[in-house]
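Have a look at these structures, which come just after this line.
Look at the two complexes coming up: subunit A is in both, with subunit B in one and subunit C in the other.
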Partner chain A sequence: MQIRCPLCGLRDVREFTIKGHAIALSRPAPDAGDEAWNAYLHLRENPAGVTTELWHHTAGCGAWLKVTRNTITHEILKVALVRDGVERTDAD
Partner chain B sequence: MRIDGKGLIDRSRPVSFRFDGRSYGGFEGDTLASALLANGVRLMGRSFKYHRPRGVLTAGSEEPNALMEIGKGAGKTPNVRATVQEVFEGLEARSQNRIGPLNRDLLAVNDLFSPFLSAGFYYKTFMWPRKFWEGLYEPIIRRAAGLGALSGKPDPGRYEKAFAFCDILVIGGGPTGLMAALTAARGGAEVILAEDSAAFGGRLLSETEEVDGKPGAVWVGEMLDALAETGKVRLMPRTTITGAYDGGTYGALERVGLHRPATPDLPLECLWRIQAKQAVLAAGALERPIAFPMNDRPGIMMASAVRSYLNRYGVAPGQKITLFATNDDAHQTALDLIGAGVEVAAVVDSRAEATAQGDYQLFAGGQVITTKGRHALTNVTIRHSGAETQIDTDCLAMSGGWNPTVHLTCHMGARPVWDEALKAFLPAASAIPGLTPAGACAGTYDTASCLTAGIEAAKSALKALELKAPDIAPPSASDQTGTSQTLWYVEGKGRAWLDFANDVTTKDVKLSAQEGYRSVEHMKRYTTQGMAPDQGKNSNISALALLADATGRGIPETGTTTYRPPYVPISISAMAAGAQGKGFQPERFTTSHSASTARGAPMIEAGLWYRPSYFPAQGETTWREACDREVTMVREAVGICDVSTLGKIDIQGPDASAFLDFVYTNMFSTLKPGRVRYGLMLREDGHVMDDGTTARLSDSHYVMTTTTAAAGQVMTHLEFVSQALRPDLDVRFISVTEQWAQFAVAGPRSRELLNSILDTPIDDETWPFMSCGPISVHGIPGRLFRISFSGEHAYEIAVPARYGDALYRDLVARAETMGGGAYGMEALNVLRIEKGFITHSEIHGRVTAFDIGMERMISAKKDCIGKTAAARPGLVEPERELLVGLKPIGTVKQLTAGAHLFAPEAAPTRENDEGYVTSVGFSPTFGTYLGLGFLVNGRARHGETVKHVDHLRGVETLCEVCDPVFFDPEGGRTRG
Partner chain C sequence: MASLTALTPAQDLTPITIGGVTLSEEVPEAIAALMPYAGQTKALSAALKEAHGLALPGPNRMTKSDSHRATWSGLDQAFLIGPPPASELATHSAVVDQSDAWVVLTLEGKGVEDVLARLTPIDLRGGSFKRGHAARSLLGHMNAVFARDAVDRITIMVFRSMAQTAVHELEEAMKGVAARASAN
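Moving on to the complex of A and B:
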């Protein structure tokens, strides 16, 4: 398997570390409540099909990537830098 | 027996080799199997379970019988297929799985008990007494049944891993693969052509048929020239594609040095990872054995193998050969043998309508029903027109048709599809994205169609790559396939083997069905069919056909077992290439490494780093003596310790302060430039991730230190926070751990020592506790931090790493003149325990800021990672296990890390557990052991007595619970 890092190009999967579902990008506000925080920290879908995951280019440029991937076919549909277009939900 | 004028071996290059201690001759181009057959050796091994005498069955990598040990001593390799191993001068081969000589194997007695040793025998028999299994039954069974043995020593051979990239990977160098490679290359693609065998050409090397009006081998030679001419084809002979993986990744095993005398520079094998945009599978087909009674004697082999030995290696595997076939194709074996002057005893064809294609005796509608010959075949009995006839023969060539080699197409989960017309499993459509099966592996058997299929497959790959297909015409070749009939097994008296390698017979499969193991996956596991090194290449289809019959289902309903990678066995050595010894765990050395080892310091591992444990002085016989001296030295004079292994992260940018405020629990934006602050970092789930000091060098420039253990984790975390959660902050950071050498200078005389080397002396006013800034040491610009991990007046001095060695030696030498010196990890640990400073022994991932008494470090004025979750109910309860200090007060004075804590009267059982000990050390300062640990409601229990129990080491110690800071709780010495 290979992942196309937007900064480095097509690289072997062993350069990357997976963090899990991209829900980690949607950090709730501090006062969002226990339920929202519990969901953010602990609850994960395990879809058979298309899912969005976070991968870190650990042995490369250090970029965090948002990878849209099909867990059945292992096809990678989209790779984007998480730095681009992330909604901020927390307050300073 | 060698046949003059036949074969592609190089008769000008004779080689001698040894088999079971005897010397034999062969030629370059021979495999071990062909050379042994040429020398009349037919007995090559013993079977797995019954220790039946076995000879070679095939001429390829699917060989189940002729498995041998190659080489000797530590480097010997078991289970090498004699059909793959090429002979070379000095080759040492031995037969395996025997006690005594091969022709008088003592374990052959197993064969006499074969009526009892059917499938499931062990499961049913060795049930009781249960405790006998491990000590008695299993070792005996393992000794009796098995394959070759490992030397038990580290393999001295070299192995490698490598990567390759191409536009089009062509798998298999037969007629289909050669045409595909030429078409692909002429279309402008970069091509890799991988071939399992030592030579390209596939079946063309083993057949007498012509291509383009020339002998097959001549045409192959011209094709290789044409491929070379394109300059775009990388030929990889002796390379088996072992697996197909996601995204066009293919695994491959290349036999680099196994076919020649050992050369130190050459690896034995190379495990490749080939990245291909498109692939053409031209893996061919494997001939199907027939399960007739007593079909396993040496001398019984595949018809295609007989033709390979004759036409490719110039060897007649017998002097009077019989053919047992179900198809026209196999009759060519008889024609080739007659053409080479070898006697053909008879041709037995199961089809009543079969006709002779040459001058040989044909038994149409006949079947072989049994065979004789103890160590090699002597005769066969055939049933023909209701009568039984015995035929004297020393070699029986059998052919039950062909099985397309669909294995790779199943590696990503696709199931092969049964083709009723061909009576074969074919690759499922789009089984592997980007891979096009062509030729025999796709059910196209005649050479002319294979050549065309190769061109077409390459053209479709070129099209996918948006390359223009070249104008290329297939050469002329035979388009004959003839007819065939399926004959999976022959009924009769005696055992009929399906899986030669694991000794599985038709009876075992029927028994499996009868006992309820009707699913093909259950049958496989119950009988072990297909679980030997050949992975059922010779037996899977026949076994499931038999199972289909036994269960009254069709073959498609019965289905196949799953073909998984690797296609051929891969040695563990090849998989581990580059990952042995230091390749598995590289060493990271600090700049003071050689100075430390020169002082006799034993080095201990800290992750990949190596750090000095202690520095033995003259006359010291135990580590404790050295450690006690070093602790006292720091408390009374000055000590030097390399702290470069701590993670150092350089953080810069206008929003650096805001960033640190978000990742640390406490405030950094309020820190003044030139000052240092201790910081606590949480995970988002509210537990402590790491701690360390961070220095503010200027308004927008910080240097963060992490613990040695968590340096990588913290860096990844910061990258996540910066890119994913706070991309609004303008901040950049990079690890500079390797760039700076940093040394702790600790003790009451630390400043005095520093002032002897600093270009500008320092004093308490300009360098108070927790200050930092640039300094110049011997003219070298560096950094100085007044921080302390020992509780003493202390500094850390940092210089660019290239000056580390010189500075360390200078600091230690000067310290020694002041009654101080170097101290190691043991002393560092005692010093920090005396001060109650935590490490990852305490912040082990399950503790919160509350647990370690630092909940007030979570600032109320801002959000930070982990803040919300840290406030969850349950994470701030006094009933949690909280950090405490422990001092022994009874007669036993020893403390051990890992011990658990109990009330003094309570039984030391799990139910009464109240906590545990994380760090201990003997404190020369207090003359006693000191410990840090976690105790339920510990902060409210200072002064109480608890019982420290270490069940593993048998230590029980009464302790007083106290504050974790044993030494100088007011911190007067630190501020000095």
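Moving on to the complex of A and C:
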């Protein structure tokens, strides 16, 4: 598997560390209530298909990336810097 | 206090020459990490030009002047290598002294790409990694900064604590490449 880092270009997966679902970018408000916080902390989808994840380019530029990928085909559909939303599709 | 002897990161480990490729250590006067404040990238580049005669390198690039070179080293970060940085740079960026944190190795000669191809996952051949290019990637299992400052020369920086491992890995790769060449 390879991920196209918006800064570094196409890189081998060994340079990256996965954090998990990109839900970490959608933190509920402090007063959102127990249900919202329970869902944020503990409940995860396990999709067969397209999902978004956070990957860290540990052995590269050190950026956090939001990666959209298909868990069935292993296709990487979109990679963006979490910081500023710079996006690049795999066709670039 | 006892008189202490300063050792370089790869003291007594280099130079090594095998099959036309030479691995040597470079000991820069200082290494400073420059991390521009939000929206200050252009201002930092201008200040750098004014103070040391080189621009701030963009991603995957390095720049050079007579006294210094600057190597892109990550998201919003570059290493300024040479004499200690001018204090004016601190107006536009965080400036962090990294002088003793890295070992700077130089791999020089025809076939440096073949040596590095055994250790790093990225394509460092001349066609895609040209003079003035830089990259963050791996050397074996070590995080490294690569820069090509001349056609047949690539500098490799890894954490100082890994100097011995880096030299060992590179030496083994150099031996392998040389053995393969002499077998033909």
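Assume the second predicted complex is superposed on the first by the 84 of 92 C-alpha atoms of A that agree within 3 Å, B and C clash if a C-alpha of one lies under 4 Å from a C-alpha of the other, contacts with A are read in each partner's own complex, and residues count from 1 in each chain.
Quick note on the criterion: a residue touches a chain if its C-beta (ideal position, glycine included) is under 8 Å from a C-beta of that chain, and two chains touch if they have at least 3 such contacts.
Small disclaimer: the values here were computed from a predicted structure and weren't measured.
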First (subunit B), second (subunit C), both or neither touched by A:G62: both
Subunit B versus subunit C as contact partner of A:E35, first or second or both or neither: neither
First (subunit B), second (subunit C), both or neither touched by A:M1: first
Common interface positions of subunit A, toward subunit B and toward subunit C: 12, 58, 62-63, 81, 83
Residues of subunit B touching subunit A in the complex: 163, 245-249, 273, 275, 412, 433, 658, 684-685, 716, 719-720, 723-728, 862-863, 867-869, 872
Contacting residues of subunit A [partner subunit C, same complex]: 7-9, 11-12, 14-15, 58-63, 81, 83
Residue numbers on subunit C that touch subunit A, as the complex places them: 59-60, 74-75, 77, 121-122, 135-138, 143
Complex interface listing, subunit A residues touching subunit B: 1-2, 12, 17, 19, 24-25, 27-28, 30, 32, 34, 37, 40-41, 54, 56, 58, 62-64, 73-76, 81-83, 86, 88, 90-92
